[in-house]
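The structure is given below, and queries will be raised subsequently.
Think of it as A, B, C, D, E and F in the order they're written, each chain with its own count starting at 1.
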Amino acid sequence: MEILEAIQANLLSPAVLFFALGLVAALTRSDLRFPEPLYAGLTIYLLVAIGFKGGVAIAAAGIAKVWLPALAAMLLGTVIPLWVYPVLRVGGKLSPVDSAAIAAHYGSVSAVTFIAATNYLKAINQPFESYATAFLAVMESPSILVGVVLGKLATKPSGEKSGASLKTAMHEALFGRSIFLLVGSLAVGFLCGETGMRKVEPFFVAPFQGVLALFLLEMGVVAGRRLEDLKKVGPFLLGFGILVPVLNGALGVYLGRLTGLELGGATLLGVLSSSASYIAAPAAIRMSLPEANPTLYLTSSLAITFPFNITLGIPIYLEIARRLYA
Amino acid sequence: MEILEAIQANLLSPAVLFFALGLVAALTRSDLRFPEPLYAGLTIYLLVAIGFKGGVAIAAAGIAKVWLPALAAMLLGTVIPLWVYPVLRVGGKLSPVDSAAIAAHYGSVSAVTFIAATNYLKAINQPFESYATAFLAVMESPSILVGVVLGKLATKPSGEKSGASLKTAMHEALFGRSIFLLVGSLAVGFLCGETGMRKVEPFFVAPFQGVLALFLLEMGVVAGRRLEDLKKVGPFLLGFGILVPVLNGALGVYLGRLTGLELGGATLLGVLSSSASYIAAPAAIRMSLPEANPTLYLTSSLAITFPFNITLGIPIYLEIARRLYA
Amino acid sequence: MEILEAIQANLLSPAVLFFALGLVAALTRSDLRFPEPLYAGLTIYLLVAIGFKGGVAIAAAGIAKVWLPALAAMLLGTVIPLWVYPVLRVGGKLSPVDSAAIAAHYGSVSAVTFIAATNYLKAINQPFESYATAFLAVMESPSILVGVVLGKLATKPSGEKSGASLKTAMHEALFGRSIFLLVGSLAVGFLCGETGMRKVEPFFVAPFQGVLALFLLEMGVVAGRRLEDLKKVGPFLLGFGILVPVLNGALGVYLGRLTGLELGGATLLGVLSSSASYIAAPAAIRMSLPEANPTLYLTSSLAITFPFNITLGIPIYLEIARRLYA
Amino acid sequence: MKLVTIVCEAYAKEAVTGLLRQVGAQGYTLFPVEGDGSRGKRPADIPEFSNIQVEVILKPDAAERLLQALGRDLFPRYGMVAFESDVRVLRPQKF
Amino acid sequence: MKLVTIVCEAYAKEAVTGLLRQVGAQGYTLFPVEGDGSRGKRPADIPEFSNIQVEVILKPDAAERLLQALGRDLFPRYGMVAFESDVRVLRPQKF
Amino acid sequence: MKLVTIVCEAYAKEAVTGLLRQVGAQGYTLFPVEGDGSRGKRPADIPEFSNIQVEVILKPDAAERLLQALGRDLFPRYGMVAFESDVRVLRPQKF
């Protein structure tokens, strides 16, 4: 059974095993933890490296090939929070503002999940369009904006204040650290092209997978500390955090095929749809919808969907793509 | 004279020279010092990399080859504090709790000394069993536990309290940051094997020696600042910090030969026996035997034994091994 | 037109584009910023790597080749503040102590500018003497000392106090973090030679350009935040910060030729003369001439001369060298 | 003169410093801290869960306005603790 | 309400926070610091020699208990300084 | 006993700790902070523009001497804020 082998290959990769080690550290109350500047440094490195590589890839492929699936990615980012919101409201009986906040997270994307997926595809020799980073870049913001608007509409519109926090959200969604780094590095990579790439390859490409593995160790610690909160969020969000990603994943793969991507690229679009943001969205939502309860959106994106995706989700979306392209 | 050449080769390696540069920085009161997160990041990198490589090596060699010398390593870790303790009590006239604390440090190991030794062996093209990291991993904890028990027996047994701090020591010795990282990465490497290694090699293997050199620069600063304390610890500990490592080194080499290691591996077991912990042991001892004076154990392990080992000790243990295997 | 192409090649390099991205981040008030330990870590890496490489290069070339141009570099460092000081006093109508402080910065050097220049020369396949780092190393301190003496002479000589702060300046100029790292690593590289280099090459050489690019991203943020202060410093310093470097650059190239350097090395000596310190000098000056206004010297060196040099200056000095050597 | 100390989640930074400006503070000092409280541990290793401590010196009336605004506008929204103490400052005219 | 500030070596962290729980503190704030004192410089670049500062808001009687326990149990064992000051807190019922 | 808190640019570190020794302080605690004030933002990401906060416990007369020396010698030269408050310390004989 191919899918089981695919899952096993993923589970035995250094990245996933280090993630598991981080979980163990949190659960055994080891004092292991990365200092914040190290976490920040690794994040910056990963975002800059992935953005830069994506930009170089876009320059090589030409905008003509990229724009249509990129548009599809933005569409996904806008549509996902809209269908997810009522599910949370009705199915989960969550308050409007909490539903809006969670919806924003699931429409947005997790760069680390995306990176883990590209590494996985590389490891099993599945080719993919390396300009797919462009989809990552354009898919972070729209959902955050949609989610904030949903949340604002739900709470009483207190005029001025509401406008101010929409502006905050807008600024956060477009110029927040992680999006800025990703989009900016994409632009730099695009302008540099292959010539620039050759200079920085030994830093941004060769050690990349190892850095990711180290980073996932810390992510395991962070996610592991959240595991206690699983009780607080209840069974609905637990199911939500696994089922909704699978549905979104299938949707992404399907749209990828529709817009002309190859199997690898469609898988990555599926991974992006399915993934939930835990860097850009929490920052923007905490500042624009402070009434929303962070335990709900952080626990579901960080302690449920993220671990699910990097262990089982990624091979599953690949399998979906394989069946669709068969 | 071969031994002099071996020492010279070691002294002129980047790692040792950068260590010396750090000493100079401390002595000239330069404001050079690494911020704590950088120190933490380098430590994490070194422990994870060495653990991972060791795990891959164990998987390649098979447990069958590793278990016997690993047992010998644990035995060394248990026996060393037991013979060192009376020497400190009687020879050094140190208090029971200080003797126990110092004994714990000398039975445990210094990962950085071990790493410097592997680099040295590589540099002079002396082959060694790369699964030797396993010995490093199993040799950190036993001595700490023995030392804490010795210290507790020595101080009046205040029942409950004493049990609590033995538990603290146990947890520290098994789940403390450095041991957890080392053992955990060893397990990850073991599970990944060669396939996983290929992915992370450019990060965990290629730059390793350079990172070590940079790290030793900071270690030089840290050790250099301790040099003032040499006066405080007196001539006994000075002699102790050089002679005891040489004896332990010879013991380790001998046991390595007994348990079937090759010349390189036996040298490394000698290095481990001789080395004194300055990361894991101080943390555990400070928390479990707070009555012990840190100046004594930190100065002897960090400002005497560590510099001695990475400059003269390593080539000496190799020479001992050469004569034994001749 | 060769010079325009040269400038374009420089502007489209990853390093310069990331610098520009940092400027954009500052101007759009993105919350992007590196934590201090990351900044410190990158600085340490760059200084150690460049120093080490330089030391290895000196060992390879032999002191005989290096000493004459190194003397010229020291001469430049002593002369530049002396001619720049009256320009600032008379032309800029600046106070004696501010003039002395600024003069110290322009006589000293910017390691990052130097590094960017070597990368640029490598990128366009222009060979250069790699022992040029020696000039960087000897050129940082003299100007700082000259500047402090000028400043002390200008303010009323309060005897003892003045001697004390000259001593502070001396210590800072010789043992301050950045100079210590550079000179120390140079010495280490010199002692290790090629054998040592081979061990640490994958860490200190291969990823170097990429690290520089990442570092310049943060430098862009730092410089960008200073742009507001351009108004405060006025048009005189704006012109000064561009014209004086060009003059110093030409002077450096010329002296390089006189002392027997090849085209590449002369260009680098020009770059060094033209560059203004923003790490070593501010530290020393702030401590020894606290009366001087930091906004003036930091803004001119960091927000005017540094960006000018790494974008336009470097190709210009190369062009000057080309004409001189034609 | 009063010293007002605010410990809050890092995401409240803009909201808090904005408020400081509004009540007329001439400056502030700020640093990252780790915390424990009714909302659980905030371990300061990733920005999503980290705290900052803000310290500001103010005239008594401004301090009063600040505390009231904090209690009204920010306490309901962010994890936060704030307290005031008396200090004697050098150069009081600066604040 | 009282603010108790404790500066101690990083290794005393568990011991100190354990004590805080025992005397009934509802939370605390903590950050790494560098120090100088009778036991020499603690330069905060490696964990073996670094300090932390712990700040805790407490009711006066709990503060008293805390200080006494500190003086009795921890001062003999760890490098440490502790002091108490008066503060006016927002939402005093929280502590 | 008095607690004197000094927030200043990092470059003033030597000058400040030197002064502490002169007035007879037995120790101090210090950490990096970020600030805003009359000289603009000091964002704490590069040493050229970063601040430190120094805290020192002193006898009242020593505190007075310290504040006066600060006002006289260092305030004209460095970006700086300093204030004093009353604290009750454990083991007052230590200071």
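The rule is simple: a residue touches a chain if its C-beta (ideal position, glycine included) is under 8 Å from a C-beta of that chain, and two chains touch if they have at least 3 such contacts.
Just so it is clear, the model here is predicted, and its values are computed rather than measured.
Participant: Spell out the chains that contact chain C while also contacting chain F.
Facilitator: Where chain C and chain F might share a partner, there is none at all.
Participant: Among all the other chains, which ones are in touch with both chain E and chain F?
Facilitator: The shared contacts of chain E and chain F, listed by label, come to D.
Participant: When contacts are scored as defined above, which chain pair ends up with more C-beta pairs, B-E or A-B?
Facilitator: Looking at contacts between chains, A-B has the larger number.
Participant: On a CA-centroid basis, which chain has its centre farthest from chain B's?
Facilitator: Relative to chain B, the chain whose C-alpha centre sits farthest away is D.
Participant: Report the chain whose CA-based centre is farthest from the CA-based centre of chain E.
Facilitator: Most remote chain from chain E, centroid-wise, comes out as C.
Participant: Which integer distance in Å separates the CA centroid of chain B from that of chain C?
Facilitator: Each chain's C-alpha centroid was found; their separation is 41 Å.
Participant: Could you tell me the distance, in whole angstrom, between the mean C-alpha positions of chain A and chain D?
Facilitator: Using C-alpha averages as centres, the distance is 33 Å.
Participant: CA centre of chain D versus CA centre of chain F: separation in Å?
Facilitator: 20
Participant: Would you give the residues of chain B that are in contact with at least 2 other chains, written as numbers and ranges?
Facilitator: Those would be 34-38, 40-41, 206-207.
Participant: Tell me, which residues of chain D touch at least two other chains?
Facilitator: 31-32, 44, 85-86
Participant: Can you list every touching chain pair?
Facilitator: Contact pairs between chains: A-B, A-C, A-D, B-C, B-E, C-F, D-E, D-F, E-F.
Participant: Once bound in the complex, which stretches of chain F touch chain E?
Facilitator: 1, 3, 17, 26-31, 57, 85-91, 94
Participant: Help me check something: in the complex, which residues belonging to chain E touch chain F?
Facilitator: Residues 5, 7, 31-38, 44, 51, 53, 67, 70-71, 75, 81-86.
Participant: Please give the residue numbers of chain B that touch chain E in the complex, ascending.
Facilitator: 33-36, 39-40, 168, 218, 221-222, 225, 278-279, 282-283, 286-287, 290-291, 298, 302
Participant: In their shared complex, at which residues does chain E touch chain B?
Facilitator: Within the complex, chain E touches chain B at residues 9, 11-12, 14-15, 32, 41, 43-50, 76-78.
Participant: So in the complex, the part of chain C that touches chain B is made up of which residues?
Facilitator: Touching chain B from chain C are residues 35-38, 40-41, 44-45, 48, 52, 171, 175-177, 180-181, 184-185, 187-188, 191-192, 195-196, 199-204, 206-207.
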